[in-house]
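What follows is a set of structures for review.
The following pair of complexes shares a single chain, subunit A, combined with subunit B in the former and subunit C in the latter.
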Partner chain A sequence: MDVDPRQYEQIAINENDVNNIILSYLIHNCYKESSESFISCTGMKQPADHLENMEKRKRIFHHALEGNVLKAIELTGQLAQDILENNNDLLFDLLSLHFVDLVCSKKWTEALEFAQTKLSPYSVKEQKYMDKIEGFMSLLAYENPVECPMFHLIGLDYRQQVVDSLNQTILAHFNLPIHTAMERLIQQTSVVRQCLSQEDGGPPPFSLKDFLKSR
Partner chain B sequence: MEMDSLPNGNNTAGTPISATATATANPAPPQSSNLPQLTESLKLEHQFLRVPFEHYKKTLRANHRAVEKEMSAVISGVTEAAAADLSPDDAVNHLNSLVCRLQGLKRKGFYSFDFLFAVLSLEEGSRAEHLQAQKCRVRLDHLESADAENMSEWNNTRMKRILVDYMLRMSYYDTAVKLAKSSNLQDLVDIDVFQEAKKVIDALQNKDVAPALAWCADNKSRLKKSKSKMEFQLRLQEFIELVRAENNLRAITYARKYLAPWGATHMKELQRVIATLAFKRDTECSTYKVLFEAKQWDYLVDQFKQEFCKLYGMTLEPLLNIYLQAGLSALKTPYCYEDDCTKEDPLSQEAFRTLAMPLPYSKQHHSKLVCYITKELMDTENPPQVLPNGYVYSTKALEEMAKKNNGRIICPRTGLVCSYTELVKAYIS
Partner chain C sequence: MELSTIKDAFDRVTKKQKLSCSKTQEAIDQIRQEIESVLDTLQSANNTDHELDYKTVLNELKASFLLIAPLSQMEGTQKELNVALTKYGKLLEKHFNPDISKAYRNIDIDRHTLNQIIANHFYHQGLFEIGDHFMSVVGEPESAAIMKFPFVEMYQILEAMQNQNLEPALNWASTNGDKLAQSGSDIVLKLHSMQFVKVLQNGSREEALHYARMHLSPFATSHMTDIQKLMGCLLWTGKLDRSPYHALLSPSNWDKLAEELKRQFCNLLGQSYNSPLSVTVAAGVQVLPPLLKFMNVMAGKKNEWQSMNQLPVPVELDREFQFHSIFVCPVSKEQATEDNPPMLMSCGHVLCKQSILKMSKNSTKVFKCPYCPFDIDAAQCKQLYF
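So, the complex of A and B:
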């Protein structure tokens, strides 16, 4: 049955639903110990394989973020052979992260050899890889890569973006949701509130930043 | 005469040029003031005046820099002497050496900017400045000397100037020098300017960018003003040569020093060239393979020629091409490509037809009719008249015929006999 909208604020939310949302977030982002503590405190039950895969994802995640991309690629291959074999875009992006690490470490010769043996073969596949290679190679033309117009390629935002993409790809491979329930809920809430705010007398749009600030 | 010995084809080539030059150079009726002719000439002779002037300005700037450099050295020398605690003898020696520098400066030639064409005031003027100022004056005099009485000679000189210009641009320097010398044209052509370009072009053809880079440095402010990227392209090519030699670390150092500054404005080109480090010289990837081809040096030569001509105010095309195209375009009509085109028409020849193919037809406001009998143009003063049989002849010819035949007209093509009074005047649209 439909609930009267005026009663929304009064509806009690099922405790179990809240717990599921929180656990989903912790698992997605590889907070293993927090997940275990949360499960034991709430008395929830979860399949063991979730935790096992999370441990492996965590190591891959950290290697990639810490600048050890080749190790991350190796571990991903061990997890499942075809995750990266079937995803040229992601593999290229990971390899380019390694190139960036070499450039920032001022290992020019190593960077060049890596570009010649690992990056340039992609150019025969599609034009878009050629454009990307040109962008990365231009970092070499600057004593301080930060001065290069393509400096965003050495930034944390770009690295985070690639690593997030890797995490999502691994999750998808195991038929796990690639977005957390929390993320979905916030997206849906924002859209609903946006629509309602356009009605006369509707509530203001939802802003996560404002919401967190008001707590 | 030099020109008489040219092959017949070249003589024919001269015809449209002469015709056009005559028509253009002599728009005013004879005996009138020179001013209209000079005005018309200046429109076509921009390069003729501009090049020696630019050359002169360049020499002035170079000498000015030398003067300033010497003066600042002398002034700082005097300042040092004042500050230092020198003995009287040492002070005298120091000042003597400064005086010697000033005397050397005097020989370089001080000059006044009040009058660019004024005679240099110093007893020992700069030879180069003097010669270049003289050349400017000679050319002004030459343009002023064009008048109805010596137009034929003047046009002949112009034709030779045009040929020398063409030879210089095609790098036929020796031939150009010989023609200029044998016709006494030295002050009317730009051989010395093109010799400057020759050094750079020869070096580029030997895959050496140093003279070109030196030329860019000499003309830095003007190239920057015109947003030239000549230097950038030279730097890119030198980078490519380092990559070709697999001198990768030196290539990276070179890029940081000479290519990075251009990144803000030419990032896409910079990226494409830098990427050759990842692809190496033997790549099969066509985007980068082309960068390693020898013809890239030919592009640099062409680019340099364009920049050079632009800087000196020269036309980008040889004068010969411009005059030839103007002449052929003026003569070109659809009739020229028909089989019965008259042999007197230059476009009856295959070579000229080929040259004229991409050119537009001449703009004819009115039809032009030529009398079959007299070969003269039929116009409002000599209108065409139609015989009863439909054939058309000029009024003058028909009047002449009637006078000789008691008022009777005999058609030269059909033999028809009729009375002058039976003719009907026709109008040209």
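So, the complex of A and C:
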């Protein structure tokens, strides 16, 4: 069909597509109860193994975010042996999260022991690990790590980033999309609206905040 | 100066001398051998009834001496030795000017100032006993004590560092922390880093961690890379020599640190790194050859040399002796002075003030830059500071 992009408001959306987008988001982020409610209300059909994997991912996610990284690593190994074995970067990042937890708990000696036995072996593999280890070790130079110029390593943003990476790796292992359909849609919408706005008389660039406000 | 040529000539003389000596010894040995043989013959003859003709025996001895010809034996090597020795003498004359007094002139210098300079040199070099004795002899023991004290402290610190003891250095750095920070020196971090490595080498990880928090963390903002590497060393406590950071254990680090400390110590005192006297003598030795050459050229104008305040020939010093830039005017060929400073013209070239005044006829007219086609207004020239 030959449709003028500026006439996007005329495009009809299939109800089932909308439901799939929403369910994709809920499953990706381990909203189990919401997913189940949504499925029963809409009458959609979903394979049971999705929900089972979601439950396991949820527990891993939870442990990692709450500062029990070693448990998260253990559960990930139970889920599938080779998820972390084949991903040195991710395993290193998870181990470094545990190191950060020890530092924040003021368990200096334990942190040093852990770094020496678990992080140090990475330094002989590649230089990038050496640089990262040095950054983490500098946290130890402060009674209160927040004073360290590398304090972002103990922040929630960094932790969320690592945990998101873990979640994506697990999803990829089970051939599930690592990005939600919602995320992709917003990305594509932003790009398309950006291109259109550069033409004469095009609509303004897409802003999710403005979009939600206008409804 | 090329000393290898002189050494080669000296070696040749030595070689010839040894050869001549061995030849002489050989000849003497031969003579002694003949004489002893004849003596044996004469003595043995006394024990027999057979009458011996003494005259004949002595004549035979004489004939042996003629046959040996000791003088002609030694003559050759003696001659060669003399030739080499003569050449060596000429070479010395050529390379070592015996009359360096031509390259000096008398100046009046305050005796007290001269004594201070000499004493400062002794203390600067750590020769405290000689310095004390010197100042005692010249009758100035009070000023000696004042001059001597900081150098005693400096050498105590350096001596402790030679034994890998940083405590005196760290105390000094702590006392002078503010001044060192103002001068932009990072020696305090270097001292603490070295001490931190020592603690690590002793295998005490908790102590090292405590030291890092106390002394290294204040530097993290400005020296993050250094701090990160030092903290990385914590993973290798007790086995730093087998770690990626083994370079921190190099003995040359101590030498560099000691030199850096001495430099900063002298800097805080307002003293130069090397003693003024040693710098003066070293620079003087370097300029002596061109000065002597100049004096030979000026031989007939002794009086003129004595009165001039600036050499008409350039004298090049090594970089270590160049402390400040001095501008030389390309027009007048004179060095800039406070009364005649370098001036930056609007075209970007530089002339001395007096040259500008002359070319602009005391700022009354526009003149052309000697280097480029620009017309220059003297009023727009600005003084430069090096």
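A few comments on the model shown:
The definition used in the following text is that the second predicted complex is superposed on the first by the 208 of 215 C-alpha atoms of A that agree within 3 Å, B and C clash if a C-alpha of one lies under 4 Å from a C-alpha of the other, contacts with A are read in each partner's own complex, and residues count from 1 in each chain.
The criterion applied here is as follows: a contact is a pair of C-beta atoms (placed from the backbone, for glycine too) under 8 Å apart; a residue touches a chain by one contact, two chains touch by 3 or more.
None of these values were measured; they are calculated from a predicted model.
Superposition of the two structures on subunit A shows subunit C clashing with subunit B. Applying the stated contact rule after C-alpha superposition, one finds that A:Pro205 touches neither subunit B nor subunit C.
In the superposition on chain A, contact of A:Gly67 is made with neither subunit B nor subunit C. By the touch criterion defined above, A:Pro177 reaches neither subunit B nor subunit C.
When both complexes are overlaid on chain A, the residue A:Glu143 reaches subunit B and subunit C alike. In the superposition on chain A, the residues of subunit A contacted by subunit B and by subunit C overlap at 108-109, 112, 115-116, 119-120, 123, 130, 133-135, 137-138, 140-143, 147-150. Taken in their complex, subunit C has these residues touching subunit A: 205-206, 209, 212-213, 216-217, 220-221, 224, 227-229, 231-232, 234-236, 244. Residue ranges of subunit A in contact with subunit B, taken from their complex: 108-109, 112, 115-116, 119-120, 123-124, 130, 133-135, 137-138, 140-143, 147-150.
Taken together, the subunit B residues at the contact with subunit A in this complex read 248-249, 252, 255-256, 259-260, 263-264, 267, 270-272, 274-275, 277-280, 283, 285, 287. Only residues 108-109, 112, 115-116, 119-120, 123, 130-131, 133-135, 137-138, 140-143, 147-150 of subunit A touch subunit C when the two sit together in their complex.
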